[in-house]
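Listed after this line are the structures, all set down as structure tokens.
Common to both upcoming complexes is chain A, partnered first by chain B, then by chain C.
The block that comes next holds the complex of A and B.
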């Protein structure tokens, strides 16, 4: 089943979210408006709003209330992408020129700041102070994760724990928070919204590990960027950490530096793809998914729970 | 109203608290620690002190407003040029973007910590306004010097405008917006004289090229008008606030060579 089909019963509300996203980034200044729309029209899975809405179904679901959380979280994600493209000097995203490429770094930085401000303005409509405490803590952690990713680049002397902590901050936290905040904004009891947080955390970890595996196993066409891009940029992911345990691969990986070219890295990318590092990584991803399934069983049975299960299963099997 | 000696201790304390908050060893290694604009810090503190808010709020509001300003100032230093080599310069630019984002997240975190949703909204609105105006300024095609300066004023005083608007203290709004504009103009005047590069000077030269020889005069006329407006406001509304008067007067007389 396609991902979108799994939550088609949310389509009316998701369309509303899409409309709200568009309205929220309608800046007064034309260029800012264009830049925001350019980003929005590049698409995206909108997985965070989906998690917010599904989590809301465990409580007093009111779209007029939780839409603020759903839109705010997607905007936070979008703002971080705009700034990431400045950081990575990226020219393309989702097959379209990035804001920094279409305009320049300054416009991208202003746009990212503007979008983040709009998201916090929306969040300020959420009355539950707990939601703010959770989100604010996660935003700080998310930024620390990004800073540490820069710090750990080309550092082949790091362990799996460092990697897991980094992807928790970089990816899993915002997904976990999406699940939890949809519930908090719908007045779901703490015993349940904490489990939804854990579900999102486990799924987010599996999602990022799968992403890191796909950097080696998917094609350039599927990825929208050359295979091995992460490694070329010095990002030490789980498959690389496992590959480092092989003496032959270890010596090749340790030669990678900022001056390594795309062509030079391709034989190594193929070697890692054929190594057991991929299976080991898949195994870790599956363990997170198992934990996600397990925590779901502790939640009240409803349609949203089944959908969360299907999404988790999809993430585990996705090929790109 | 706070006594001068207590005030100085408090400002020093606030500066230290901000420095501790933003300190992150890996960032410190690659980018310069942002300068804490003492004039802004003092003005913010005096506004909140004047409102007789609980000390916890005075402290948090001052610190978070400063963090927002520092986040935006840090982002302002991100350049368009691509570092030619993948080196420390690239890391420095990457961390400049991330440092700004980090300071912004701290503002939200500190206000959520004291359950203050209203102030979260106020500062978010200020950030929104500043970035709208920064883009206007960046693409500036103003025909009038006044329009150009007005955009600068909106950028410089957005945080204060939102705060003074929320607490309904228009006299503070009038004073702070003029003081902050004056401060910026004095800085840019210095850049003009010393031929330092700045977006302000570059844009001003581009827009009013034919009046190049008059640029300094144009600025000086503007600066004098603002100084007069500040002096009048100070005398009318803040006569009894000796700490404020002292500080603003120091700024007014910081450059007597004009």
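The block that comes next holds the complex of A and C.
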């Protein structure tokens, strides 16, 4: 089953959110408008809005309220990508030139700031003060994760725990918070919105680990960027950490530096792809998914819960 | 009278705010902690916290509540400076190396993001939802102002209106909002907090125009950076706009480009300093100050009002 089919009952609301995303980003200022539209057109899975809406279904679901949270969280995600592309000096994302590549770093820094500010404007429409506290905390953690990612680049002497903490901050937390805020904005009781947070956290961890595996196993066409890009940029992901335990791969990985070229690492990328590092990583991803399934069983039975289950299952099997 | 003497009755509370600023910025993450402390030690007038506290005096003043607003607004100001220094490629600020100079652009982008996130965490302690709306709106405007500043660089064909709109967004709005949020967080009625907003706006405009004048009239020692830095970076400020009306100065200004050196513009900087462009600019600054005095008279008479008056007067006369 395709991902989108799983939540086709949300289509009307998701179309509304897509429209709101466009309207929010339609800045008067021409440069910001062009940069924003360019970002939107690059697409994306809009998985955060989907989680917001599904979590809202556990409470007093009102699309006119919850849409602000859904749009805000997608914008926060987009804003962080724009700044990440400055940091990573990335030319392409999702098969399209990045803002920093199409314009320059300066425009990208301010476009990221602007999109974040717009998202806060939407969040200010959410009355539950708890929602603001949760969001602010997750933004702080997100930024710590980003700084740590810079610090840990080309550092081959790090362990699985460092990696897991980093992807929690960089990815899982915002997905966890998407689930939680959709619930908080729909007045879902704390006992339930905390479980939705945990579900989002587990799924977010599995999602990022899968992403990091796909960087080795997917094709350039599927990724929209060359395979092995993470490794080339010195991002030490879970497959790399496992590969480092193999003496032959270890010595090859340790030779990677900022001057390493794409061509040079291709044999290594293929070797990692064929090594047991991929299986070990998949195993850890699956363990997070198991935890996600388990916490779901503690939630009230409804269509949203079934859909969350199907999405988690999909994430474990996705090929790109 | 020295600026600090005017509000010595706030000293206990301002010391508390300085301590909270330090604590907030004391990140666990070593890089962020060092960058944050470096920023704090560079000093600054902390004028935004002063306005927050003074505005709070018009209502139910509670330092334990209002301190969050004061610290948050100073942090937002600092975060925007960190990103500005990336954009301006600035090596020095207040006589100290900038974050981007001491570390690099990447660290500066994320440090700015991190400090903003910390400020939102503090703001989330403010219960009045109106405060969040006001702040989010001003962040959006601030970022539009920043993008416009890039767009308008080295564009000598702009008018006074463009300039005024830009400094409103870049500077005046955050000062206006400092006054307003101090009041909103102290449950000051709307009829009064809107006037405090206007006061802050007028004073903020005069403050920035004075800053732009001082870029020509102050010494390098007073400025912490070479005189004429704005012009050298292609920022067209009010004195420059008036100088452009002089045919001789006009042709010299129009020769400035990104490749112009500091030495090359010194004769021009001196010529603008001695021209009537400075008087015309001072005149506009004074007109804003007059409006600030006028709106103050509509506010309840108290010590805070007197202090706001003295600060406005000081801004009109400050030499650095």
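Note that in this section the second predicted complex is superposed on the first by the 320 of 320 C-alpha atoms of A that agree within 3 Å, B and C clash if a C-alpha of one lies under 4 Å from a C-alpha of the other, contacts with A are read in each partner's own complex, and residues count from 1 in each chain.
We adopt the following convention: a residue touches a chain if its C-beta (ideal position, glycine included) is under 8 Å from a C-beta of that chain, and two chains touch if they have at least 3 such contacts.
Note that the structure is a prediction, hence the values are computed from the model and not measured.
> Between chain B and chain C, positioned on chain A by superposition, is the outcome a clash or a fit?
On the shared chain A, the partners clash.
> Examine A:279 and indicate which partner it touches, taking first as chain B and second as chain C; both and neither are also allowed.
Touch status of A:279: no partner.
> Pick one for A:147: touches chain B only (first), chain C only (second), both, or neither.
A:147 sits against chain B and chain C alike.
> Once chain A of both complexes is superposed, is A:60 in touch with chain B (first), chain C (second), both, or neither?
Neither partner.
> Examine A:29 and indicate which partner it touches, taking first as chain B and second as chain C; both and neither are also allowed.
both
> Given the touch rule stated above, what does A:264 touch, chain B (first), chain C (second), both, or neither?
neither
> Where on chain A do the contacts from chain B and from chain C line up?
Looking at chain A, the two contact sets intersect at 27-29, 31-32, 83, 86-87, 105-107, 109-114, 116-118, 120-121, 123-124, 127, 129, 132-133, 135-137, 139-140, 142-144, 146-148, 150-151.
> What part of chain B is in contact with chain A in the complex they form?
Going through chain B, the ones touching chain A are 24, 26-27, 71-72, 75, 78-80, 82, 86-87, 90-91, 93-95, 97-102, 104-106, 108-109, 111-113, 115, 117-118, 120-121, 123-125, 127-128, 130-132, 134-136, 138-139.
> Can you name the residues of chain C that touch chain A in the complex?
Residue list for chain C touching chain A: 27-29, 31-32, 83, 86-87, 105-107, 109-114, 116-118, 120-121, 123-125, 127, 129, 132-133, 135-137, 139-140, 142-144, 146-148, 150-151.
> In the complex, go through chain A and note every residue touching chain B.
On the chain A side, the touching residues are 27-29, 31-32, 80, 83, 86-87, 89, 104-107, 109-114, 116-118, 120-121, 123-124, 126-127, 129, 132-133, 135-137, 139-140, 142-144, 146-148, 150-151, 258-259.
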